[in-house]
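Each of the next two complexes has chain A plus one other chain: chain B in the first, chain C in the second.
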Partner chain A sequence: MSAPTSSLTKLFRILKDIASSPFGFLGLFLTLFWIFVAIFAPLLAPFSPTELIQPLVKPLSYTKNGQLLILGSDHIGRDVLSRIIHGTRPVLFWSIFATFPAYFIGSSLGLAAGYYKKSTDTILSFIANLILSFPVLVLYLIIIVYLGPSGSNIVVAITFASSPAIFRIVRALTLDIAGRDFINAAQIRGESSLYILFIEILPNAKGPLIVDFCLRVGYTAITIGVLGFLGLGLPPPSPDWGSMINSGRPFALFMPHMVIFPCIAISSFVLGLNLLADEINHINSRI
Partner chain B sequence: MDTQTPLLEAKNLSIAYSTRSGPLNAVINFNMTLHKGDSIGIVGESGCGKTTVLLALMNYLGKNGIITSGDIFFKGKSLLSMSQQELTDIRGNQISMIYQEPMSALNPCLTIGKQLFEVLAFHSNLSPSEAQERTIETLHDVRLPEPEHIMTCYPHQISGGQQQRIVIAMALLSRPTVLLLDEPTTALDVTVEYGIIKLINSLKQKYGSSMIYISHNMGLIRQTCEDLIVMYSGHAVETGKTKDVFSKPSHPYTQGLLKCIPSPAHEPSERPLSPIKGQLPPANDRPKGCFFGPRCHFFKEGLCDNPNGIPLEKTPFHPNHFSRCARTHELEKLEQPPTPKAATRASSSTQDTHPLLSIQNIKKNYHVQQSLFSSLSSSKTKTIKANNDISLSVYKGQIVSIVGESGCGKTTLAKLILGLEKPSSGSISFDNQNISDLSVRTRDTSLISHLQMIFQNPNETLNPSLSVGYQITRAVRKFNPQLSKKDARKKAFKLFDMVSLSPQIFFNRLPMHLSGGQKQRIGISRAFAGSPSLVIADEPVSALDVSVQSSVIELLHKLQLNENCSLLVISHDLSLVRYLSDFVVVMYLGHIMESGPVRDIFSPPFNPYTEALLAAVPIADVSISKRDDIVLEGNLPSPFNPPKGCPLSSRCHRFIEGLCDTTPPPTQKISDVHSITCHIPIDTLKSQPPIFTTNPNQNNQKETKS
Partner chain C sequence: MLLFLSKRLGLLLLTVLATSFIVFAVLELDVDTVAVKVLGGYSTQEQRALWLEENGYNRLFITRYAEWLSNFVQGDFGYSTRFKRPVGDFFWNYLGMTAILAGITMAIVVPLALTFGILSGMKETSLLDRVLSFICIISTSVPEFASVILFSFIFVFTLGILPGTSSMIQGFSWKELVLPVLVLVVYDFGYIARITRASMVEVMHTSYVRTAILKGMPFKRVVTVHALRNALIAPVTAIFLQFPWLLSGVVVVEIAFAYKGIGHLLLEGALYHDISLIEMCTVVAVIVVVLTQLIADIICMFLNPRIRFS
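Moving on, here comes the complex of A and B:
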């Protein structure tokens, strides 16, 4: 067996492993592509996302001033490509940022429920089921309408709606792991519950959790899109993909590019994450 | 016999598995001939390729298994050239397989009757009534009571032993000519295993099926098979008649294996264990020449590392006895490896007046809610009495064993001592301190470090996501809070050395990079991190391979002596118990059936349960013969509804009607230390012959007859 290696080479090996299957490669490529676009958005975008150039230009055509608009412009004259490129930043930022607190709450409570069982589990599971029994969209609407549309309120809404699902995954994993001998060994040597939960149990749940995290970032991106579409997303000046689709909706029949390209952006990002999650899952189950 | 075409024949068979890192040769140049009525046993440790051979014999290797050379013939026809349809006709119909895990071999969603009928519907054209008849007949043959009732049950409604009988019945339904058995009893308790072995032997005679029996247990093979193939790292290293191989083992590996098994019929000092050093080479990194070379005492450079490999050659003992050893002919004259001295322990240490651990009349009941509705009405809970009036003492430096089958409450007892559970009544005192109400959370560091545990499953005993070095250092710091980080690390290094693992190599490894035996060693070193005075070992070696088992047993023995701690061993393996312990407690269904010094337990008078347990031990040593008139029939009673009188009364071979099933048996004292819980008078029990007899001339009649 190979000797342990540094974490950097390990990460590199895992990435190589993922890229060695075609779907894994595609997933990794799409995900890294959008992360790259988000980081270098100002350098990549040909125009400012708010600059009014010329309304309703079709894709791959020139404006009166001879500027090439690859993806055309929208109804008030902003470049669609630049808006999509700049839109990656809020979408990626908030979808990843909103998933973390959901994970923190979901896994802490899931660990507690799976480890202590009995009434802790009964009560927490009941609350989780209660939240899960609400239609998610209605839940989002209620929260956002109540708190007002803003980035941090999206985080609150997503945390509230996603943590029960994470809770259930972590709880199930904990129930399994907590029955193993090394947990007994830790109890027998008098470890504190916090140590057992976060050092002994949680790292062993990381495989399924990483997979779920990738999927959930994708779902959150969709959610942000949906909220944007409903006019409840990020406040207007920031170009998020959902609100782009919404504003293009009345023109969708004769100017479809205003709707289609943001849609492709969302779905390729989510597809990339899904494929990546799938491949990680494959690799996990192989080990 | 020799003119007849053999039923199943493997010729120069080599099998490889394709993996991401290239092909792995699992089986190399394997030959085997099975005639009608033959029974061949394949014995070897995990990873030697025995299951691969078995699957290949049905041409059922799966996607990544490739037969790289050689051929398999069934009744003279090559299996490799057959179409899928022809193969399907043969599998399950002419060749049947019995799997290791009965629970996973049966479909939990279908009734047993349905699953049995399916076999006949698929493989025969019997009418429904004929099928019904044959099914019932077969169920009778595997000695299942009330076949009609059992056919309406689902698999989870019957016990493990019954499930295995169903799996055997299923394999027999189509009246196969060849029966393949893959460790059919490994998942079962000893007494149940013994029943199944007897069943297989009688079925072999009734149906005249030929069989191939795979096991890691040499004793079982000796009881079931006439021919034997010993496999090591993909090679057949020794073949021949079972009795020839066992009486004159010619390959150093076979010899080593036989020396690794503790004997239940001998004093430890008469038969010290000599473990095989090293471990099985990985399939992608086998040594040159003899694969066993690096582990072999007789290894000779220039001879045993012949790059062309070592051929399977005739031994001087018998024309049909072959061995893959370059030194077969001179082996007998060579000096045997020095047998290690059996650890001799001062028996006087048991004379301490104050026991280290004293358990008095412990009872532990579990309340189980039957269903959602009963949990709402709260009063209707059922009670399982996991421990019932258990008393025992462990003195300083003593090794006490608790023996019993699954469900006898031995693990519950360990949990009570360690403070993971609280007893329902009774008291436990450790070092004159009452600890029965102290849960592990409320115990202080010194108590915790003095009472530690070794776990059964090497794959679960270590946290897979933390390095072993970290885990040991953590335990050291937990038990010795005064140590600095550096000192704790030093102590952890010492612990690694103590269990003979080099800390330079292993310290930073994750558990997945360790073999089972190495993991178990790390688990043991963790228990010794705080210089414990009592270590509880729950089946410490049962999940390990034979050759690894003995070295771990020796390690335990050594540590116990050096650290002068007491050991409480929980085990179902009587050979191990005999080898290791000073004092034995036999448990059944939460009751103590017999307790006494190890010598008294292994000789008459016996409690009938002890007697049955002993009789069920498979023995590989041909110089020992065993009484075979005792089999515990039936199954372990449901813990919800134990028998009224003696717990054993439903299965006992000495059952007295009207007494055993109504009145709990008295505990009869044979000596100060030896007591038996049974209705039968001591004198009657004393008149029983011993279970094991040793014949020095190794020629015993039973052996030749079977």
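Moving on, here comes the complex of A and C:
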């Protein structure tokens, strides 16, 4: 059997494993659902997210022109459903995209600290603990206020704030794995340190890392939402969920649909990721 | 044990010192931006230069940091450009309000989360475990700003039994505390409950618990007398490590309900580039975090004799 087919069948088996429990199935379904919505957003949304149709239409009612707005419209007349559908793109894109550099930096340094130990470990751990002693939101606020709110600055803030946590996980895993026989064998074989770190150690640490990745993407989505809620999120035309909730909040008393549906959207996305992470964790611990 | 404690205290001081240096460097290394933030964007170059000269900003960075630090230690926290008052004048009031909020939240979260965790970890994969675990996952999944909206919708708009703001304009009111506390409890308890559950499951699988069950001891007694003590070590650490998390969470809740606490000050300071205020909030937040970690270490030491006697 060739390599790609075997990894594909492996993936299918894992997905089947996850879907066999009801909570795992729900998690997988919600996650894939939002990924699907993000990919096909322009095809699924009935209107453009910035088109002004008619202000303050209630859910499931018609506009003057006889258009059905399933989730109603907001205070300046944009379709809430279309904005939620288009909002999946910035939310998913930035939360996944911001998690990667955090992983790259956190795991490289974690591998180094766990493998070389001694002064490398002492210095890196001290820096990580230093950053971790700031409450995360304080860190985000300082960075975003200092650099200004934009997608790429959110990536900087999240990388800075999450890589120490990833560093700690990878470091602990590396400390454990580096003491095993096959690492010893590789050292005696004369493999380079880089080979040992990335080819021997990292793949063996992937189980817990995949679980953490799912959780972290969810938290990053929440963070982007929180920043949007505080008025520090992605700049206005982009319909991200947190900013939708922030701008709809003054109208929440008589037009609750403007804020409730984005709340349900982000909660269900994060719930999906959490359930998925939980199920993968169960499967990992069974193996 | 004394050696361990003094080592920890030294590290704690070093951390606070280093973080204060980082904050100071980020905010005050570039003196021109300081002048712009204090005098406003429409000030002339000349005015800024004059102000910088007058306030000693043309000295070496490290001298300025040393001066700031010595002032800070002596209780002079600088002047808030947003509130037009020395930071020390109003900061402690706000901190007290946040302490009330966080204290009440923790007083509810801890027993609730431990009960949930123990009940579901006691019999893994039972129906009760499944249901409780699902509730906990939902609790960790719903972001605070979403639960702010959902709870306001239910209790303020629909039922009309609670006030939608907690600004406490007419003096302290318990009723205004209910919603902020409720949101924070929902936000916080799922995580601690899940850690308690994991720890409980692990302890229930140990051989000494199995022995206790097999020798016919009542299940209730096995759980309360044998399992609980060991199962509590991990959650205790988690509870104290929750404080930085809680402090972050407090910001959103305080903004949403107009509660006058340090989260409110922090956002205000950040939005209005109020340097002294941001420095004060950050340093106090860091001190709270490292102190709670120290307390967690000490409690773990008492729960686990292996740490105490090493």
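As a working rule, the second predicted complex is superposed on the first by the 282 of 287 C-alpha atoms of A that agree within 3 Å, B and C clash if a C-alpha of one lies under 4 Å from a C-alpha of the other, contacts with A are read in each partner's own complex, and residues count from 1 in each chain.
In this text, a residue touches a chain if its C-beta (ideal position, glycine included) is under 8 Å from a C-beta of that chain, and two chains touch if they have at least 3 such contacts.
These numbers were taken from a predicted model, which means no experiment stands behind them.
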Regarding the shared-chain residue A:P203, is it in contact with chain B (first), chain C (second), both, or neither?
first
Once the two complexes are aligned on chain A, which partner has more residues of chain A within touching range, chain B or chain C?
C
I'd like to know which partner A:S267 touches here: chain B for first, chain C for second, both or neither.
second
Does the superposition put A:N184 against chain B (first), chain C (second), both, or neither?
first
Partner chain in contact with A:K10 - chain B first, chain C second, else both or neither
neither
Inside the complex, what are the residues of chain B that reach chain A?
282, 418, 420, 440-441, 443, 445, 448-449, 451-453, 455-457, 460-467, 475, 478-479, 508-510, 512-513, 523, 526
Contacting residues of chain A [partner chain C, same complex]
23, 129-130, 132-138, 141-142, 145-146, 218, 222, 225-226, 229-231, 242, 245, 249, 252-253, 256, 259-260, 263-264, 266-267, 270-271, 274-275, 278
The answer for chain C against chain A in the complex is residues 15, 18-19, 22-23, 26, 130, 133-134, 137-138, 140-146, 149-150, 152-153, 157, 244-245, 247-249, 251-252, 255-256, 266-267, 270-271, 273, 278, 281-282, 285-286, 289-290, 293
Taking the complex as given, what residues does chain A use to touch chain B?
1-4, 180-182, 184-185, 187-191, 199-200, 203-204, 206, 287
